[in-house]
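Following this line, the structures themselves.
Across the two complexes that follow, chain A remains constant while its partner is chain B and subsequently chain C.
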Partner chain A sequence: MPENAQYDLKIDQTAPHAGLAQEFIQALLSAESHQANQIALQSVENGIPVKDLYMHVFQVSQREIGHLWQTGQISVAREHFCTAATQVIISRLYPHIFNSQKIGKKLIATCVGGELHEIGIRMVSDFFEMEGWDTYYLGANSPDESVISTIKDQQPDVVGISTTMYFNVPQVQELINSIRREFGETSPTIMVGGFPFLMAKDLWQQVGADGFAPDAQQAINLAHQLITRR
Partner chain B sequence: MTDVTVEKNLPPIRGDILEKFQALRPAIIQEAARRSLQFEDEVSQHGEKAESILKIGLTFTVQAIEAAMRTGNTGIIDYQIPWGLDRLTVDKVQPQHVLHRFQILKQVINASMQAETAARINPYIDQLIQKQKEGMKNA
Partner chain C sequence: MPSTPGLFFICDQKLEIKQVIFNDLLPDDIKNSSFLDLPIPEDRAKAHQFIRAINAEKSRFNWDLSVMVNGVVRTLVFSGTRQEEDLLLIGGFDNQVISDILDEMMRINNVQINQYRASLKQMVNASRENARRTEQTLDEMARLNNEMANLQRKITKQNVQLKQLNDLKNQFLGMAAHDLRNPLSNILSFAQFLQADQDQFTDEQKEFIATIRSIAGDMVELVNNLLDVSAIESGTVNLQRRLVNLVNLVSETIKLQSRNAHNKNIKLIFEPPENEIEIVADQAKLSQVIGNFLSNAIKYSEKNTTVMIRLVAEDDGATCTVKDQGQGIPKDELHRLFKPFQRTSARATAGEKSTGLGLYICKRIIDAHGGKIWAESEAGKGAAFSFSLPAEII
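Let's look at the complex of A and B:
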C-alpha cells in the first residue's frame, strides 16, 4: 500500500526534502510524535540545515495538515495535535537556533489580538534568530497595547505582524495605525505575513505595512532591504 | 439575478458607513438566518443545528465583507470562495445553498440600511455572489 493511501497528500515530490516531509507528516498523522521528533532530530544530526527543515518539512507539513482538515480528511483535534507536536519538536531544535552570532538588529514578532495561529510567525522569528537578530516573540493573540509597550521597551528595528484568519485583517490594520500614531517618524519598520496577505494581492499595502514576504527566508531578505533604506 | 462586473479593488469603506454596518451586524445575521431557515429543503440535513450553522456561516461571510471593505481589497473575498467550496461540502452545506444565502444576505442588508449606504456596500456583496457562481461553474 502506498504510504499516502490513507490521505490525499499534495506534496510536490520534486521539492527539496519531499521524502522527509512525507515521512514527517505520516508520523504526525499516525499520532507518532516521538517518530516525527526522531525524524527531525536525526535529520539535523545528518547535516540537514535547520532552516531547510523549517522551509521544506515543517512549513510543508503545516500546509498539508491544513488542507487535510479543510477537505474533511482529518478532524480539528488531529490538526491541533499535529501543530502542537510540531511546536514541541521545533523547541527541541532551539540549541541549534539560539547559537548564532548577533548582528545588532532586533525583531518583535507577534500575532494580532484574536489570532491563535502562531506557528508561522514563530518560524519566521526563529529564522531571524538564526540570522543573528535578537528576537522578541510575543506569540498568539497579543493585545495592541502590549505590542506598543513592548516596542517602547525593546526599540526593535522591525515588527513582524501575522494573521492567518482573514477576519483579523482589520486588527492588523488597527495595530499598524496605532504603532504609527504612537511612534510617528520613529516607528519601526513594519512587516506583515500570513495567509490573507499571500492570497490577496496588495493587501499588505492597504493595511499600511512597509512590506510583506511570503516566507521566512524572504522575510529576512526584505527586512534587511527595508532597514537599509531608512 | 443579473451578473455584475466586479472590480478587483474597490474604494475602501470606513468611518460612519462601516460603523453603521458593524452596529447592524447582529441584526443582519439574525434576519438572514431567519429567512434562510424558511427554505427547509436547504437546511433540513442539519437538523436542530441548522440555525447555529447558518449563523456561523453568515458571521464568517459578513466578517469577510467587513475586512474587504476596510481595505478595499476584494481579494479577501475571492480566496475565501474556493476555500468554502472545498470545506463546506464536508459540513453538508451545498454550494447552491450558499449562493442563495449570499443573495438573501444582500436583500437583508439592502432592507436594513439606507439606499445610499447600501449602494456603497453592494459591490462587495456582488463580488461575493459573482465569485460563488464562478466557483460553482468551475467545480
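Let's look at the complex of A and C:
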C-alpha cells in the first residue's frame, strides 16, 4: 500500500487526545519517525501528562497498527517499524518517567518464553514506575527460570505476565504454575494481560492468575487492590 | 497409508506432479497437474516462493499454503526437498505427517521408495538443525534486546538519581557559601578599617592586619565564585538583559583593575573600535568576564609588561580579546582552562591566589549569552583570551 494511502483507522474520535493519536499514527504509517517523535515530545512540553500519551496515543496507536496488520492493510515490516519507532520515542520520555517518589512496592514485568511482543508490558511497567513502583522489566521471550530467579532476588509484590499470541497462553499457565510451585504461600501476586485475555474474559482465571487488567491504568488500580487484600 | 492425512508427491522441473506416492487429502486427479494449481489462487505467489526457497537452500520445512480440502479452505504445512531433477513434496495438517510418511515408506521398502526416504530424512535433519539455529539466534537477539532495554532504563534511573544528588550538592554549596559570605565580608571590612587608621599599630601588627585583609579578600572571592557556580549548576543563570555599550563597559572594567595593574607596573592598553558597539546583554555578568580576563592577565604577567584589550565589531557579532605578555600556557593544557578546579602549569607571578573557578564561570556566562569563549597561547609567548557574542543579540 502506498505511503500516503488512506487507512481504515478505528480511532474513537470522542476519546481524549484522539486528534493527537491520529496525527501520531499517520506519522508512523508514513515512516516519519522523526515527526512522530516531535509530536510526542512537543505534547509533553505543552503540558500533556506522559500518562495520557501512553494511554491515549501509544496504546491507541499500537492497537490500531495491530488492527491494520491483521486486516492486511499494512505489512509485517511496516508493523515492526511502527512498534520499534514507538519504543524509541517512549525511551526518550524516560527522564519524565523515572523521577517519581518511590512508594516501596516492586513489580517484575515479563513476557513468557516464545512471546516477542513486549511493547505492551513495557508500557505497563513504565506506568508502574510513574506511580512510584520499583520495576524490574525482563522483556520478551523470558525463560521461566529467569523469571523465577528474578523473583527470588527481588521479592516483588506483583509479577505481571504478558502474551499477545494465543498460542503462548499455555506458557503463561505453565509459568504461573512454576511460580506457585516454587514459592507456595509466599508467591507474589500474579497479574496477566495481553490480547488473548482481552478477548476471553475469564481466561485469566483459567491460567491461575490473581487478576487481569485491560490496560496499564487499570493494572495499577488492580495491583493496589490485590496487594492490600493479602 | 500414513495415520495422519497427508500427501507425498514428486514434481518435475516444470513443477508438474509426475508421481503421487500418498494422497488421502486431495482429489485423485492431481497427477499431471501443476503444483502451483494446488493452493488457492491468493497463495500461488507464496507457492512460487516456496519452490524458489527449495531451489536456493535444497530443502524447505514448514511452509503454510491454503489449499481447498473437501470444499473447505484449509492451511496445509508443506515441506520439500530436491533430489537431482525432482522435487519431493510433503503436505499435511501439521508436521506429524512427515514422520508418518517416513514410517510408511519404511514399511513399503522398495528401491525407489528407499531413495526418496533417504532424501526426506536428510531434509528433516537439515531443517531441524536450521530451525534449532534460528531459534537460538532469536533467543539470543531477544536476550540482547531485553538487556539493552534494561540498561537504558537503569541508566535513566541513575541519571535521575545523580541529578537529584547534584541538585542537593548545589543547594548545600549555595547555603554554605551564603552563610560564609557575610562574616567573611565583615572580617574584610574591619581589616580595611584598621588599615585606614593604622598609625597606632606596630609594624608587626600592621603586617598581621595586611595578612588578614589579603586572606579574607581571597576567601570572599572564593565564596562568591562558589555561589556563582552553585547558581549556574542549578540552571539559574538569570540574565538581566538590557542595552549595553560595550566600549564603555570595557573602559569601566579596566578602571576597576587599574590598581592591581599599577602594583605590578603593568600597562593596560585599550584599543577601542572606531564606532560604539551596543548589545543586549547582562552588563554585570559581562563585566565579570572582562574583569576575570584582566585580573588573570595581570596575575600571570611579570612586572613592567603590557596587556592589550581589543574590542572589534564583526559582521556576525563582536569580539573582545585580552592579550598579555606573560608566561603563556602550553598548548596541551589549553583544553583544561574552562573546566572547574582545573589548573595549568602557569603560576601567578606575585603569589596571587586563584580559585580555579573564574574561567569556568566566564564560559557559562558567555554560553548563556549564546556566545563563544576561547584562549590562544603558547608557553613563553603570552596568552590571549577572547569571547565573542553573536550578531542577533547586537
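The working rule: the second predicted complex is superposed on the first by the 225 of 230 C-alpha atoms of A that agree within 3 Å, B and C clash if a C-alpha of one lies under 4 Å from a C-alpha of the other, contacts with A are read in each partner's own complex, and residues count from 1 in each chain.
One rule holds for everything that comes next: a contact is a pair of C-beta atoms (placed from the backbone, for glycine too) under 8 Å apart; a residue touches a chain by one contact, two chains touch by 3 or more.
Model, not experiment: these values are computed from the prediction.
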Fit-or-clash call for chain B and chain C when the two complexes are aligned on chain A: clash
Touched partner set for A:E45, first chain B, second chain C, both or neither: neither
Which superposed partner A:R122 touches (first chain B, second chain C, both, neither): second
Partner chain(s) touched by A:E185 [first = chain B, second = chain C, both, neither]: neither
Which superposed partner A:A140 touches (first chain B, second chain C, both, neither): second
Contacts of A:F98 with chain B and chain C, given as first, second, both or neither: second
Touching partner for A:P170 - first (chain B), second (chain C), both, neither: first
Chain A residues contacted in one complex by chain B, in the other by chain C: none
Chain A residues touching chain B - in the complex, by the definition given at the top: 70-72, 166-167, 169-170, 173, 196, 199-203, 206-207
For the chain C and chain A complex, residues of the former touching the latter: 138-139, 142-143, 145-146, 149-150, 152-153, 156-157, 159-160
Residues of chain B that touch chain A when the two form their complex: 8-9, 12, 60, 63-64, 66-67, 70-73, 75-76, 78-80, 83, 86-87, 90-91
Chain A residues touching chain C - in the complex, by the definition given at the top: 87, 91, 94-95, 97-99, 116, 118, 122, 135, 137-142
